[in-house]
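As written, the chain order gives the labels A, B, C and D, with residue 1 at the start of each chain.
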């Protein structure tokens, strides 16, 4: 296959969510000495942008989004170390969890699916995540963004508790903080001092990308 | 055409049925039924029934003998064979609202026009849940009165390829409708063999069949076109205030009309009709979507099955002036029992507002949405290894999610019904979309459907022949 | 409290039941159920069940033995004895919406406050169709978090004299609720004898019972207070996408929770809970009033009866953002099956909007209207000489009207249900009245009811004791 | 009984719709030489105005309206000839019918009940009333008002046919013409040249009284 055909193939198969085939093509591409950056920017990311657009239009369903994201994640497993070597910026790393005392995770799972679908590397801490666990995860994974999800008015105060824990650990400035969940509003997010809020999964992706861009334009990479 | 293979919800005990049975027999034999038609009276007299003036005192056994001649189930053909329907058994066939003089679109309520009429026909053609546009979806008040039936029938035959209802304003109109049917289907023998229209013959309750209605009945029955013999009962005004009394009266009226249809043409397809609601005893206004009408509807289905006849009842009825919450719950308050009873022919499915005085564009869409939901709800569950999905649990485990499970991947596009009108957008998304309520969204859908409408193809020669018939008859009728 | 003596609408065949039966047994024994609570795990281990980490692999026969200990029917007392209820059998008991963080009034959607909470309690007290205000009619976001449960319970106990729901946010909150119940009813022995509250314990589907919920369960079960063990299933996310799979999972989850309740206190009153709907597979949003949830609801009733347990399901659910046509038909699309299934305990009867995120004043009134209509619809017909009304026909004859018949005169005030919200005004009268849609009229009714509200009398000594408890505990909790 | 007691009794019993008792009291009153006019204006009409008010308020139901009207009509049978002798004006005479081709009569029956309840003498011609029949009835009864009821857009044109027949018979100016029925509107009434329209029964009573007053103020009795 020519490099063009491989890029086209990667794009098509990612769109379809055909994980095994995407892996195969990734290996073939690297065997042909194609650069990880070209795979990422000329095939994978365009494919996922198309996935996002189709979802927004109502053509793609959540499960399709999910397998497309998984297909890309498989390829990224291989590309990420190589990209790090070449110093190419990936889309971003996102640590996500439902706050302590709360077990609602459908909304969070959807957000994760969409974030992965948009090319983010997502580390999901699950539900009932205590402030210490968020701190530990941020120290371990050094994400660009951390997301707190809460679905109960009685657990929304955990946002503040998490932020305080980040302050104490000296991490508050190292990471963008996003909050969300059904009862959360922009006002509430502002009051607790989060950096971003979004009302649904596709809005989260847009907002996350915007916040990252802003951050990166300020902080040199 | 929808097949309802779910169980019927029946609330009358055998004892109750027996009591109702005894009571209608007493009504037809002791009070009798009035037929304001000398032809009808002569027929009953010739058949050996006791007649006084215009009242016929019927022998119940005679009535049942006549009723036994009516087919249990029959077909009605549409010019598009895929749209032909079967009336009776598990089939449910749906037609739009019938008769409103007024039309509502958004905030405006006005006299209905021919333009509206054609629009509603386009909507009826566009929604698959409807098997028919019905007949008078709204009264086209801007067309000449004497030839209006020609314009409506022509529109029904050309703008839709579904079955349609016959005009019943007079015997003459009925004859015209039949003649136009014969043109469309290639000869009167063709439509006598498989009928092409259904006509609504209302009883002037209590216990009186009116001359105009009977004139139309004579025409249609003679041509073997199905007739819906409908006791039209608003309890408190046209029947006693108790539901059992209304049910008894309904049996007496419907069966007496059916008996006449069978005298005119033995074996003529008929439908046991029912339109049963009540008035508000305080103000006298007709009310719809009431608990009483729901109960009556369920009983009607059971009674019609008892006599082995297909039946008509139900629809998206409401007293509301607007397509608001009341219109939503009242329409469903009638449509849900319509399904529970397994109604074979459903008139007024879509568009009804203001007690039937108004045809509403928005309500039309709301009702199609409700009906489509019900058609999905009344599907039998398939219970097998695949649908039990043990493997999905093995894959997902405790507290996980099924969004990406294999079982989901195989089914996600079709597993749930997806409504076209109901919105499940979250608040922010809904606000971004303009914060439209259901009525506003329905209005947009109606407009879009009418714009996207494509006329179903028709043989040009036949269309011309129909047009010539309309022109010639209009001249003869002096309009 | 409404008695539903109409037939149940059952759609599962014996074969289907047997298949579901085999499947839940396989689920609990092979996949097992996770209980995130060491106490619970110990109990199951002591009872001889196979335990691995926090997962219990249950012997189905063991589960059924535990389930058999639960009473088929039981009473819950209200402080006004006339408002006490019976759960199970033919009784249907209705409570208002539970849990919304937001409130909508007219065009405004905002955070719910304690003021709103008290208003909704007043409404719930004012509408006779409701047997209970429920528990968290809306979240009072302006009260301190740790002691909020005290304020809510106090409000439920004083502003209404109906039964109420227990707080389940934590074991501590549950203990407080029980203690306040003991004060109101004169001692813990009194409420252990006849319970005074019902509490909602949700399963974190699939197949996981969460520690918070279980902490509350331990408290309530030990005190003999009824618990509703509710698998909370949005098909596609928390269960496979097929209804049979959801039903099987629901049985496995509910029965496993009930088994635990019986281990804690044999004979503890329980309710087989069900909250079953689906997500939109395209967007992931939860949807309500869907065909799938209607089918699931009917099956749930049949399944609960199969296990001889009272059950909970249904309500006036909708995804709509406004009390519009969609809210009207979706609410009824769930409430009608709620009645067809003969649901014993109905939560979310009134006020639910926006998938349960919003409590709406107008929708509250709409739902009470719908429920009252259904309570009239689900009354058995009386068929006797009086209701057959032969004499009325003798009086009226053919084509007459019954408005002045003796039969009518004897019955006209009560013969038909008269709605308080639905309007059957004709167009002119409706225009003269301000052309209000159902939502606007509902808003007026809500305001009027809240203004006319009179607190039900309470023994001042008891009220003081409750108040002291709230003050003392608030201090202890540091709010 | 004193005359006061009799008037009070007539008022109360009419309100209740107790026909036999109203008849009895009427006879007693006449035996005491009370004037027919006082019975009519001091008892019967006030009673029926109260009935109308209660109906409007939603207290009275249609059947109650109807029996009150019937009770009054019974008394009027006796009083009418006497009133004619003494030259006292009754409220008015109303000939009513559903037009030819139309059998809807519930609305018309309600209007009749309300008119009788308000003290009108109503002659009901039933349904399917042809123009000639209206003409004959007007010639026979010499009513103040004639009402045409139609419920079908296809029978509303009969209003015009009826009016033409009145013209031809030279009766058009002798009688007030009112039209009504569910599909009828004020506009339509104006177009065909009727004198009055009303949308429901209580509006019909108000409108009929107003039209009569106007007419009588113009034409000397």
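Operating definition for what follows: contacts are C-beta pairs under 8 Å (C-beta built on N, C-alpha and C of every residue); 3 or more make two chains touch, one makes a residue touch a chain.
Keep in mind that what you see is a predicted model, and the values were worked out from it rather than measured.
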item	value
Chain centre separation in whole Å, for subunit D relative to subunit C (CA means)	54
Where subunit B and subunit C are represented by their mean Cα positions, the distance between them in whole Å	36
Computed distance of Cα centres, subunit D from subunit A, in Å	79
Junction residues of subunit A, two or more chains touched	61-63, 103, 106, 109-110, 182
Junction residues of subunit B - those touching two or more other chains	204, 237-238, 279, 281-284, 357, 399, 401, 403, 408, 412-413, 426-427
Arrangement of touching chains [line / ring / star / complete / other]	other
Pairwise chain contacts under the document criterion	A-B, A-C, B-C, B-D, C-D
Subunit C residues touching subunit D - in the complex, by the definition given at the top	399, 401, 403-404, 408-409, 412-413, 426-429
Residues of subunit D that touch subunit B when the two form their complex	58, 60-63, 101, 103, 106, 109-110, 152-154, 157, 182-183, 185, 201
Subunit A contact footprint on subunit C (complex, rising order)	101-102, 111, 139, 141, 145, 148, 169, 204, 210, 212, 234, 237-238, 279, 281-284, 357
Subunit B partner contacts - residues on subunit A that touch it in the complex	61-64, 66-67, 70, 103, 105-106, 109-110, 113, 127, 182, 199-200, 203
Complex contact set, residues of subunit B against subunit C	6-7, 9-12, 15-16, 19-20, 23, 26-27, 31-34, 55, 109, 204-208, 235-245, 248-249, 278-292, 294-295, 299, 319-333, 336, 340, 354-355, 357, 363, 366, 369-370, 373-374, 376-377, 379-384, 386-390, 392-394, 396-403, 405, 407-408, 411-413, 415-419, 421-427, 430, 435, 437-439, 442
